[in-house]
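Following are the structures in question.
Okay, so subunit A shows up in both of these, paired with subunit B first and subunit C after.
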Partner chain A sequence: MAENIRVLMAKVGLDGHDRGVRVVARCLRDAGLDVVYTGLHRTPEEVVDAAVQEDVDVLGVSLLSGAHMTAFPRIMKRLKERGVSDIILLGGGVIPDEDVVALKKMGVAEILLQDTPPNVIVDTVRRLVRERGAR
Partner chain B sequence: MSKIELENPQAVQDEVRDWEQREVTSFLTKQKERKEQFYTSGGFPVKRTYTVLDAQQTPVEDIGLPGRFPFTRGPYPTMYRSRFWTMRQIAGFGTGEDTNKRFKYLISQGQTGLSVDFDMPTLMGYDSDHPMSEGEVGREGVAVDTVADMEALFDEIDLEKISVSMTINPSAWILLAMYVVLAEKRGFDPNKLSGTIQADILKEYMAQKEYIFPIEPSVRIVRDCITYCARNMKRYNPINLSGYHISEAGSSPLHEVAFTLCNLITYVEEVIKTGMNVDEFAPRLAFFFVCQTDFFEEIAKFRATRRAYARIMRDRFGARNPESMRLRFHCQTAAASLTRPQYKINVIRTAFQALSAVLGGAQSLHTNGMDEAFAIPTEEAMKIALRTQQIIAEETNVANVVDPLGGSYFLESLTDDYEKKIFDIIDEVDKLGGTIKLIQESWFQKHIADYAYDTAIKKQTGDKPVIGVNKYIEPEEKLDVELHPHDETTAERQINRLRRVRKERDNAKVSALLEQLVKVAKDPSANIMPVTIDLVREGASMGDIVEKLKKLWGTYRENPVY
Partner chain C sequence: MRVPSRDLLPRVLKGEIAAIARLLSRAEAADPECRDTLGEVYSRAGKAHVIGITGVPGSGKSTMVSVLAAHLRKAGHKIGIIAIDPSSPYSGGSIMGDRIRMSDLAGDEGVFIRSMATRGALGGMARATLDAVDILDVAGFDYILIETVGVGQDEVEIASASHTTLVVSAPGLGDEIQAIKAGILEIADIHVVSKSDRPDARSTISDLKQMLALGVSLESNAAWRPPVIATSSLKREGFDELVSALEKHKTFLAGSEAGRARSRKIAQFRMLKTAEDLLRIRFTERSAGRVAAIADRLASREIDPYAAGEKLIEGMGA
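Now for the complex of A and B:
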């Protein structure tokens, strides 16, 4: 039976670095996951709304602009407002170590930094969905 | 065309064959080679060794002499024997005052040119107090809303003496206008200002993805910058045609340069349509490429691109002035090659990349900071990066001979391969309907995404070794990296100045000029620069101008491919 994991990949804010997000989207798609990519320049709120509408298991947000400590809190806030607790939030990009710790404390399930091999990304997504259990 | 004449080519061929049958074969039975077939990073097959027989394939005129058509060996006859390349470390963070301090530090350390990195709101044409700017003001670069910020940024820096490169694209013409007004205020002669705005919008749609308006009005703005500078700022480069971002977005080195030349062709065609002669503006077209990790491939890439450019300008566009055929480029080491693990070894990566830029004949160079896989670089990281260039320039002696690798059997052969493939791609793009059409069809974007994906897979499998990442890993590594701190008061300081400017300016005048801007924008034959200069002189902000034009032209949204 197909695993049917649904993922929304997203870019928020003005950051245009999309090499990573598109590689990740393709790796997940090639691994058989159901992937949607928002394209660039979305607001944190738009991204959460799209994730809810698409009924995804995982929301992956890529940021290389240094604005992660502004963007992720807004995403968390919107998730709360929408009453969502079962979407797994993942982060990726150029993020300093101390911010990684802070973001995880905030509720981001995992931060996958640059040079994370594609197979590790796929495995991480599957593991997190498995650990969350069925909805 | 003349070729290298051998007295007895058959004898040479026989000797090579004999060598293969004896020495090579006997050695291979003892020890196999590391791979069945070797390739460059960009996928060009390379042979065991190259001989004079390979060199015979290259017409002697194609190699030529430095400073003479086809410029394979360099744009100038004496190159670094006269003057080293410009050491141009990019900097930008916080407000104008913050970056001004970094500039002065870099100049005091021996840097010879300035290069400005702007924050995302400035790059995308938003004012610092726009909701989209939240969290981004002064973060990845310096924040500029109005001329007042430019005054702070270049305070006490003599702009007639030092060249300033500004990395900015969809909003570049506004920054150029601000630079003009700043020069006016400080009493500088516009014809003595030397510098560059990047303003290469086509590669934004392809790769870097900083765009505001649809393609057509955006290209028109670039055209306007080029014609304005040709008439009013004789020493200024109105565009920096950039392969760098195409490469960093994931493309192959071949696509980096070939796509850049496709963009060149589009811009030149647009400017010529205004009636301007190619020799009036082509001498100020400038380029910007990356230097990646494959040492010889990068050098061949630079040499081949110079040759291809010379031919395009002469044969396709009928340029007659040699200056129009001489490709000058800035080079930057490859940011995406930098690693977090064992980050200090990034210094070594950067040094080799920089050496390939110098051996490839770059006119200016930025070497990356070792800590850039974490954040924007610290002062210490920038100093080491600058020292890397100074060591190459002053200790290694590589700068004493022009194109020291010219005539290398291998390098000339690879240069030829590169040039041929560049023209194959240009022909294909011509046949498929041209650059703008293919951008709209995501043709370039797909090629870039495919190569980025292949690279990620090659790193995963170890096919592409990256020391510290997939080889010689230190799982227990403790990072002791000190990062550039972000000053949390930046946005507030920046927004305060913007509000002050808005309060002090003559708002009726600004509104009238904004209406004038719309009129000019609606007339595709008009030049948008003069009215923009008037606007920023009166205190209009970047956001004022961009928002007004968004209403007229709309915005661009891409259909992403992956």
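Now for the complex of A and C:
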């Protein structure tokens, strides 16, 4: 209970599929993490600004619309503009394998696809936060 | 790389978002390293007007806070919002969704929103809420809005933490008897009836007004009579009236005996809460390892609950 990992879960753009993001939020809650959910239809810039105010360890962005190759670069750009380097960026949803490779090269820490079991999601978040260390 | 809290402070004073956010996290985690810095923050704070917003779950607090903040922004004020949501009693985790209702404020640099989980604290606020208020205060926010968790009938701590307390009532949640019960309604400096676009809002407004009229005849010399303001976040109606009621209450407190009494009450609450926290930490440390054994004797009815309680706090000093 004392680990206090904070995660911001977000949906960006014209993507109304929020069942997945809510399931993930619930898994993280049940594992004892604090989850801030932004709701649907946010811009990448709004999501980053919220993550900075909330000082989250992890920013998780769910995309099932196919817009990941435009959304993530905008998120990375905004993080850089805000001078933030210690928020871990996670992606999730329906994303083709070749794009997963490209996104990770771009700096997205991990992509969790739609068939990822809940415990793997929780373990991945904990591992990435542990690897980053205290801040 | 970890930046020491004392090095964050100058950046907080300049209003730098990332530094404010980080110091808030350390206050929330009760990190001993930031304690002296929070002391420094406290000594510099005291300029902001703190507004507490409370009400039952689903009464429209978050949406109302969002529209209210936008109205206060029009007058050029900088707004800090602390939105509190409950932690799970089982896992300790939380899902904080107040931001969903506040999307209209996104992109405004004059608004800072922070979500906080209660982490087992009762009373409607989180343990570190008042530290967070101080941090936002010294960072230059003029109004700080604390939105409590959705409360029941009894969580009244917010009145001891804020200068002005708004109690939000939504239409359709009870009859006129609810309005004369003791508890949450008594702490309001301003009553807000939300969702006033709904037809049944009229009866909620009149129930509240009747309750207040009873109070006035019982204590006719009360210096402040809580107004009842009807707002519709949907239609953006009633917010000019709400802002002017807030300003009136702020003026009422400024330089008056009532204002000084309020400040004393807030300070006293803060002191008692802090003492309680310190006691709880010591208690948890010292009782660790003894709880199960004493509970066994209690469960087998070998001893009674009072004897068990006495035994548990044995040696903690008077």
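Everything below uses one rule, namely that the second predicted complex is superposed on the first by the 134 of 135 C-alpha atoms of A that agree within 3 Å, B and C clash if a C-alpha of one lies under 4 Å from a C-alpha of the other, contacts with A are read in each partner's own complex, and residues count from 1 in each chain.
Criterion: contacts are C-beta pairs under 8 Å (C-beta built on N, C-alpha and C of every residue); 3 or more make two chains touch, one makes a residue touch a chain.
Computed from a prediction, not measured in an experiment: that's the story for all the values here.
Once both complexes are superposed on subunit A, the partners subunit B and subunit C fit side by side without clashing.
With both structures placed on the common chain, the touch criterion links A:135 to subunit C but leaves subunit B unconnected.
Residue contacts after overlaying the shared chain place A:55 against subunit C, while subunit B stays out of touching range. Between subunit B and subunit C, an angle of 100 degrees opens at the CA centre of subunit A in the superposed model, to the nearest 10. When the shared chain is aligned, subunit B comes close enough to touch A:115, but subunit C does not. Once you line the two complexes up on chain A, you'll see the smallest CA to CA distance from subunit B to subunit C is 6 Å. Of the residues of subunit A, those at positions 25-26, 29, 37, 39, 43 touch subunit B in one of the two structures and subunit C in the other. By the touch rule above, subunit C contacts subunit A in their complex via residues 1-2, 17-18, 21-22, 24-25, 28-29, 87-88, 90-97, 99-100, 103, 106-107, 112-115, 117. Put simply, subunit B touches subunit A in their complex at residues 120-121, 123-124, 126, 132-136, 139-140, 204, 208-210, 248-250, 336, 339-341, 373-376, 449, 452-453, 456-457, 459-460, 466, 469-470, 479, 483, 486, 557-562.
On the subunit A side of its complex with subunit B, the touching residues are 13-19, 22-23, 25-27, 29, 37, 39-41, 43, 65-67, 69-71, 94, 96-97, 113-115, 117-119.
Looking at the complex, you find that subunit A touches subunit C at residues 1, 4, 6, 25-26, 28-39, 42-43, 45-46, 49-50, 52-55, 82-84, 134-135.
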